[in-house]
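By letter and in written order, the chains are A, B, C and D; residue numbering begins at 1 in each of them.
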Amino acid sequence: MDEIRVIAVGGYNEMGRNMTVIMFDDEAVVFDMGLRLDRIQIHEDIEIEKMHSLDLIEMGAIPDDTKLGSIIDKVRAIVCTHGHLDHIGAIPKLAHRYDAPIVSTPYTLAVIRDLVKGERRFEVENKFLPLTAGEVYEISRNISVEFVNITHSIPESVIAVLHTPAGAVVYANDFKLDRTPTLDSPPDFKRLKELSKDGVAMLIVESTNSSRPGKTPSERVAKDLVHDVLLGTEETNSGVIVTTFSSHIARISSIIEASEKMGRIPVLLGRSMKKYVVTAKEMGIIDFPENIEVYSSSRAIANALRRISEEGRENYLLIVTGHQGEPDAVLTKIASKETDYRIQHGDKIIFSANKIPNPMTLANRYALETKLKMQGARIYEDVHVSGHASREDHWELLRLLKPQHVIPSHGELGMHIPYIEMAEETGYELGDTVHLMRNGDELILEI
Amino acid sequence: MDEIRVIAVGGYNEMGRNMTVIMFDDEAVVFDMGLRLDRIQIHEDIEIEKMHSLDLIEMGAIPDDTKLGSIIDKVRAIVCTHGHLDHIGAIPKLAHRYDAPIVSTPYTLAVIRDLVKGERRFEVENKFLPLTAGEVYEISRNISVEFVNITHSIPESVIAVLHTPAGAVVYANDFKLDRTPTLDSPPDFKRLKELSKDGVAMLIVESTNSSRPGKTPSERVAKDLVHDVLLGTEETNSGVIVTTFSSHIARISSIIEASEKMGRIPVLLGRSMKKYVVTAKEMGIIDFPENIEVYSSSRAIANALRRISEEGRENYLLIVTGHQGEPDAVLTKIASKETDYRIQHGDKIIFSANKIPNPMTLANRYALETKLKMQGARIYEDVHVSGHASREDHWELLRLLKPQHVIPSHGELGMHIPYIEMAEETGYELGDTVHLMRNGDELILEI
Amino acid sequence: MDEIRVIAVGGYNEMGRNMTVIMFDDEAVVFDMGLRLDRIQIHEDIEIEKMHSLDLIEMGAIPDDTKLGSIIDKVRAIVCTHGHLDHIGAIPKLAHRYDAPIVSTPYTLAVIRDLVKGERRFEVENKFLPLTAGEVYEISRNISVEFVNITHSIPESVIAVLHTPAGAVVYANDFKLDRTPTLDSPPDFKRLKELSKDGVAMLIVESTNSSRPGKTPSERVAKDLVHDVLLGTEETNSGVIVTTFSSHIARISSIIEASEKMGRIPVLLGRSMKKYVVTAKEMGIIDFPENIEVYSSSRAIANALRRISEEGRENYLLIVTGHQGEPDAVLTKIASKETDYRIQHGDKIIFSANKIPNPMTLANRYALETKLKMQGARIYEDVHVSGHASREDHWELLRLLKPQHVIPSHGELGMHIPYIEMAEETGYELGDTVHLMRNGDELILEI
Amino acid sequence: MDEIRVIAVGGYNEMGRNMTVIMFDDEAVVFDMGLRLDRIQIHEDIEIEKMHSLDLIEMGAIPDDTKLGSIIDKVRAIVCTHGHLDHIGAIPKLAHRYDAPIVSTPYTLAVIRDLVKGERRFEVENKFLPLTAGEVYEISRNISVEFVNITHSIPESVIAVLHTPAGAVVYANDFKLDRTPTLDSPPDFKRLKELSKDGVAMLIVESTNSSRPGKTPSERVAKDLVHDVLLGTEETNSGVIVTTFSSHIARISSIIEASEKMGRIPVLLGRSMKKYVVTAKEMGIIDFPENIEVYSSSRAIANALRRISEEGRENYLLIVTGHQGEPDAVLTKIASKETDYRIQHGDKIIFSANKIPNPMTLANRYALETKLKMQGARIYEDVHVSGHASREDHWELLRLLKPQHVIPSHGELGMHIPYIEMAEETGYELGDTVHLMRNGDELILEI
């Protein structure tokens, strides 16, 4: 009798530091190697690039793969479904111990490459293996990985499918079901239905927003909101600054488009803003208007801000880092009067991002917003829609795939619970076909 | 020296029961005569149609106009800006004591006429005087009322302007600034700017959502959300029921439109659903597709639901009353198994409305949703955007009109406060140019 | 090899309708048969006394014991740990099908007797078997039940212990750890430690308040709070009404005591107030001062309120039903002006109870408080401490008993989760030694 | 006609930086000169001791007294009602510009003296004038200041009364009405009633907790809670650390007392812990047991912690700074493993303090608690009662004093609002007898 083993390494007790191992016979595949940023934030003066993995494991910042023991030697591939840090951020610290290629979409690989370059402690020399949505990578005679196109909040996100003789394991972490995305293609429902028809043994799925009722709105709605705020005003001469996730290329594209309609020059400011966006540009994911300006180094940013301030802020739309009030981000520096661009009464600051509900982040945002408001800024918050599936999206995917077993991942117990309740509502039973796993747990499915 | 007197009759201590009197010289104009529904809800078995106004005043359900004394005789017009109950609901109880016409847009008048027809205690025989956005009604040699088109969540909403020799008083209660409405015209910014140029002595303005940061999204966003939910599913054979505000004609129009795209027959069910929508149809505000069905009486609704249930629910989209769990509404009856249309596992129920944050209403909604869920319904909540201006919309209107004085209305003290803070941020001073009024207070402006 | 079977019948998916079956060999014992009141509340005009058990099961109001099948015939005892409705309320509907005695402390039995008397549909003729804390009831050659004294919010609450050849099963549902109770004895820590030494196979334990940090304050604190509010005022001539749980005899005793210190005559008003308190008096649990007055029937209450109102409210302290705004309770009638005792400006109303966080209840409370405030009452809320263990109390009990296995009960999944996390922190493992059960689940422990 | 002028300098738009000027004729008195700490917290690396007052004013951290102009020369006394920073913290920055003595109770003066000693920018050479509750200081022929004993959360708190020929102005900021305090005397109700009889022209009163229903519990309740937590456990060998406000001498006294009952040596650790407590000891406010240990310098604390850790933590009760997670506090250092006292599994940490609801503080607390929990600590939060009056306490004081006018102070607009509503309920009218003031406003009362 065949069996599939699932080992919950990280991300089952918390948001962040995702890592799951799936074994069939004597072969294992790792899905994601992520970082938990808020475990870093509670310490002062940490230089993560120089830290040892064991210290980071003790801090709870990266997955504890030490318990895998000899399984590490059986890993044939490290598969990452998209380029967010909570899915790839531990690669620089852990991947070198695995004799396995890193399999991702090209954009994700580009982000990983950049990450690895910044590492100061370990050498990551794993092979990088690009795989596009719709393609299959034959890992061995027995097992293969397939990428299915899905929507999320970073380009080239996929659902990964591990095909084994005992059935398919679908790894959907993270995703949303957006039928009208603004930049990417809609989810590949056709392929998902085919998978369902062939039979899915197991679904491992993010539970992050499973407590939210209804359906996550399409990115088209975010675009409408952004345009509504930027274009919907009679006060067209004020300074305008937008901040959003640097990796949210679709959103940034909508902002740039609004900028054109406003007759303003879009200016991207910030190291990570450049990194993610220029990479997307080079890979043909996004088009740039001719007049766009991009500045990355501290000096270039300072110069640009001085010039814009002198030439007339009403001709520019600034797109900057700092949506969570990160201490070194561009918006934080502007708010702290560390640049020559001083906030003027009536300037508009648009946060095209949610507030990450973590006390450390909330404190940073509070300090940032307080400083901005004291200088007369008008704040627009949460001009944003989530990239994570809500309860009814989960309901859809679950009923679409009809897996024999389902495991919520990527969340605290409190996030898995609403997923389980939803699964129960469509016939799954806790402990029988829907499983609650904790970091370090192992589940063996005999098929 | 000329003076303008403002008397805060109702709606300054609470949401609901709006009523403001503005006097110039010896002439007075009433703005709104509203009802506070939650003061009715806390009592069981009340038949409001048969109650005396004095009892309703004691209950805090309608404005206390008894303190106006002889001013009542000086009222030359009762002006209502739109057809919501918190602005017109006290007309059947109070208007007959005023020797003055009711001045409203045609749709609002139609709603008032229906309301007056249902009254069992008093005879309302005031003249009905239709006035369209853009028009002016000359009340006397000295004063006149002008209607300026504005967006809200019911057709033909206006901002009313009282022109006096001492300056213009703008009454903006309620409104949003929606540049991309789906059914109505955008706000008449051109006229608002002209008013500003001529000088506005005072702005009386709703404060309801002034604590919400940013800008209220356009109705276009609500339309996108509705279509996203209705069309964005692979499970196209389930029953689908949408419930929304009967008077929100733009929303209902979007739902009907989605219905067409889904290949389903739209069916409007409920007494108030018929009242508001058919009136809008007759007045040319909304178009109906040929296949639409509308049922109003209990018997007709029961028959329709039986037939739909038998013929196949997958061919229909039901648009029903009951978004707040009102005990007699259609959705409530369906949930309580009082009709032959039984909820089936996987049926979708879409609430295209917010939850009114009042414990009585929340209890009704909870009972409704619990019953629906126990029968297997999938719930989509809050597929909706507000019809009330948010903080930055208020900022815009205030800076656009530049009134010498501003008075927040339509809210508890706790709602006026964020308005006042916003006004202070653009230079108004509490007690000097921005005024906090309580029901019964009088303010005299010497111009 | 011996085995213990646990069947989660009710109260594992929700608060209320507690029922657990524990089997050893061929003998079963039922722990609790409770009612879920909020499933009744969502329906209008239900007369529960006349309803059939199957309808109540479908409504989710009582435990679904239909799935027990032939196990029902093996039940040797129905054990109830205290007299709250969520633990005994289903007895009138279910117990008659069991050929087994009802085993409880004398006070609990008195409450059950009263409940059974009100039933209109079924005849409950089970034997009533009183058992006092510290005593053991030998059910059979193999198994016995022991009661261990514990603190809660009703007299004579116990932890029940099922002794089997395979080990002891401890059923601690509900409890708090109060070392300074005002009426009862402190928990029998000595016996709990002995049990621990002998070895506890399993602990079934309420999880209700396991999310609350720290320790639940002692009832002594509640007494201080009550006295602080009642005696701590310079306005000693106003009317004073206290409302609390009728079954919370310790609290009522503290209120009566305060009444004496205030020089006021304590007056108990309400049917359930009489039922619980007079029973406690007759059983010697509470002492009455000589001047106390108790009224139960509508007419007697009406007369008493008229007299008090005439004679001078400043001489009385009213202790009444209605702390959750129940429609027929005494306080609700006073607030609705249905009695001759009219609230006067400055009268004090003390809620010595929490607000039950259920929308139906919150609506009732809101209506009640709104009416009281409109008449000038001053409201003191939440002059109360909980009767349920908080997180650190759970930590203590778990480490004291050191059971091999632990199962959180009496709560939604969301309440079990913090219990599980706490258990993990002291070394238990989910799925291994701490178990998450759902209604209908069965767990077999091989010892 | 006589007039009293009130100038709201600080603390009317915010919590913190309290300062009010009251003038009669040509003489002025300043009440409080406070600091707003959270305006400091949003900046990194600020050394407040070295900063100029004008910079602190611009940051909103201290009252803006620059607008007082020549009134500064008319100030005859600076009166501080108690020793909290939000009432005295700006003295080192502002007092030197006033040719006036600082009038306070002896303990408050001792705290001010210590504060002034730490100042690095300005020289404060104002005369210190001790005044005890019950005493009167004759400022001039016309005006005098009286101190009336009141309860709060620091020793020797008073209500200050300014007697003028035009009537008495009562300044009650901050206070609670505690009839059973554990260390101090109860409020001097007798004197308050006399004042009322003589006539109070105006009451200026903190509004901080006026939104809280009911009555603030007595400090006796806090003592019970502390003892309940410390003594109510079967695990008597674990480490125990309590953290609380260093200036809350009554609380610290209760903790020390519990320590004695537990048979543990109380150890006070932290600079401010020593400062406030030893001062109180020296002034005879608190008694010390013989075995108490107090350490203030970093080195002494480090040594003590090492020794305690070696000798056996079960013999000590640590009372430390750090209840809000302040970066340099003792508890923060222990949590960050910067001392030799390492948290062990099961150690108890008791926060005998509320969480200050400010994002910066919440972030610090979160980081602190996360670190403690990761090391196995058990956390007891909010073992505490407030030192601020709740709504019904305010009701009592207002009706006791019967001032002609009342002004809520010490809070944001949102805090004043519930006070105003309460005042309206007992007959005051907004704008007429209850006044809403903003920083910088002036109110002239003609008597």
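Keep in mind that, in the parts below, a residue touches a chain if its C-beta (ideal position, glycine included) is under 8 Å from a C-beta of that chain, and two chains touch if they have at least 3 such contacts.
Remember, predicted model here, so these are calculated numbers, not experimental data.
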item: Interface sides of subunit A and subunit B: same vs different residues, half threshold; value: same
item: Contact-richer chain pair (by C-beta pairs counted) among B-D and A-D; value: A-D
item: Centroid spacing, where centroids are CA-atom means, of subunit A and subunit D in whole angstrom; value: 45
item: Rounded Å distance between subunit A and subunit B, as computed from the means of their C-alpha atoms; value: 41
item: Separation of mean Cα positions, subunit D and subunit B [Å, integer]; value: 47
item: Residue list for subunit D, restricted to those that touch at least two other chains; value: none
item: List of subunit A residues in touch with subunit D within their complex; value: 41-44, 60, 327, 336, 358-360, 362-367, 370-371, 374
item: Of all residues in subunit D, those that touch subunit B in their complex; value: 413-414, 417, 420-421, 424, 429-431, 436, 438, 441
item: Touching residues (chain side subunit D, partner subunit C) in the complex; value: 177, 179-180, 189, 193, 213-215, 217-218, 220-221, 224-225, 228-229, 231-235, 376, 378-383, 392, 395-396, 399-400, 425
